[in-house]
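I've put the structures underneath this note.
Next, two complexes with chain A in common: one pairs it with chain B, the other with chain C.
Entry: the complex of A and B
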């Protein structure tokens, strides 16, 4: 029910959002490599942050896999930062999903977004039970040190066909729109 | 002195926004969700500007605004939404509830500081 164009569009929208929002500094490299299997990189203790973008015709799950180890903590929390890691990381996930949501709104005006929640990565093999029309996983390396995983899962309830133009560099985030 | 109330369930955002405003000499209080925000508004008559997230547990930001207009109708409180949400339908609901403006996260303080000062005065 999802055309090849639409699948490609969802994947490009994810890549653009991840590259814009997952690095802690805009100068950091964000290397995204596709994985053959969902949850392939998940180690014992790996957790996932799950966010949902819903429309009338599809539901998209953005799933970011993370290990709360020294390299990930060190990447997102600076020395004097006393915040709990998950608190800081979930806001990063929220911004990443928000960037996808903003891009998708150009094609689907009826979108709603969830707040992030955390699950064990042991849930990942069960994603197939949702019979998704698109299930893509990636490894994400940030600044050459921190490693995350990511899964984009889209379930369609009606035919989905669109071609996203992700070349636009329009950046309206942070601007105040007065009514 | 007039005060700004920052409402967000993320302590990261509360700390970032409140910290920036305090550093620039503004008086700031924080709340963890819409319910908490509404309660603080009722007990703090000095709050003139609310900067609020939309998606929060217990009470979302737009419901909070609707309640402010209903339960605190005699107060002048400007509300700016600071959120990852950017759907036209949600903005329309905000407009209808009397929201003054909308910012899509991430927060860029320098771009909005002077407007915040005016709305809080």
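Entry: the complex of A and C
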């Protein structure tokens, strides 16, 4: 259902979005390593944030694995930040999925994105029940300290074929420009 | 002598007069010849001009004929043109009537698309119901965890019972059988609890992915309807720009 080009495109779109949106500061290093099996990524965290991008021909689940430990909390919550960790982290997840959605809109004009929801990582072994056409997992290390996991799951309901051009530099947004 | 002179003078005068007359006649003859020649030349020239005028008259006649033909053609074309102008006028009137209908339809389409955008609220409502379902799932997770902890306790109790039965020797043999049976039942309960936990996790994933798909699909439909509404409004605005 999904061609090799489309699989490669989904993966590149994920990498680009993750590198742009997952680090809390643009200077932080974001190392993304592919994992051989989805089970391995479950070891990257006991909880997962799930988001869905739906189109007419496919749905994509972006699953970000996390542990609410000191290193992750310290990475995403700065001293002045009084928000609960999950609120800050889910905002990051939303931004990352939003960047993927934005990129996919160039190839699929009808798309919608869900709000994030947190589940136990023990749900992941059941991902195959959704009969995904693409299931790939990654280990993500941010700024050398925080570790996350990520899984991209795409279920196709019609043939999906496209070649994404991810060479364009990510546009900065939300920054106030003064002249 | 004088008479001789007079005669001679007379003779000279007569000769001169004769000579003059002859010269005069010659001159007149030449003049008449020249006049005749000029007149002939003029006659020739007039004849030539007459011929030219004849040719011109012929050409003018032909030109007039051509003009008449062309005028007839132009008249026919004018008739056709005026007929097609009438047809165009009728078509324009029909188009103007159609335009009003289209404007009305475009307005209806835009308002229908705007109305359908509120479908998004229904999708959000379904998504909220997911939260309620997930709360129930969490509750079942907690109850299952409690069950699992009871089962673990029962396993320990049954083990203790087995040990006590062994201590009682022959008298405790029947009790050992019961303790073993209780342990077997506890092990089966534990398996069932694990399987139930797996089912709950699967249920969590299926529920979340389904309701997120509904929520995202709702946003997709709302965005598409917004685009239809915008196109219908643009179409309506363009129809308004066209003069009737």
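Throughout what follows, the second predicted complex is superposed on the first by the 165 of 179 C-alpha atoms of A that agree within 3 Å, B and C clash if a C-alpha of one lies under 4 Å from a C-alpha of the other, contacts with A are read in each partner's own complex, and residues count from 1 in each chain.
Criterion: a residue touches a chain if its C-beta (ideal position, glycine included) is under 8 Å from a C-beta of that chain, and two chains touch if they have at least 3 such contacts.
In this text the structure is predicted, and so the values were computed from the model without any measurement.
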Can A:117 be said to touch chain B (first), chain C (second), both, or neither? second
Just chain B (first), just chain C (second), both, or neither: which does A:18 touch? neither
Once the structures are superposed on A, label A:140 by its partner contacts, choosing first (chain B), second (chain C), both or neither. neither
Quick one: is A:129 in contact with chain B, with chain C, with both, or with neither? Answer first, second, both or neither. second
Looking at the overlay, what does A:87 touch: chain B (first), chain C (second), both, or neither? first
If you stack the two complexes on chain A, which partner ends up touching A:156: first (chain B), second (chain C), both, or neither? neither
Contacts of A:59 with chain B and chain C, given as first, second, both or neither: second
Chain B versus chain C as contact partner of A:97, first or second or both or neither: first
Shared chain A footprint, chain B vs chain C, residue numbers 110-115
Chain A residues touching chain C - in the complex, by the definition given at the top: 50-56, 59, 61, 110-115, 117, 119-120, 122-127, 129-130
List of chain A residues in touch with chain B within their complex: 21, 83, 87-88, 90-91, 94-95, 97-99, 101-102, 105, 109-115, 172-179
Seen from chain C, its contact residues with chain A in the complex are 127, 130, 134, 197-198, 201-202, 204-206, 208-209, 212-213, 215-224
What residues of chain B sit close enough to touch chain A in their complex? 9-13, 15, 55-57, 80, 83-89, 91, 94-95, 99-108, 111-112, 115
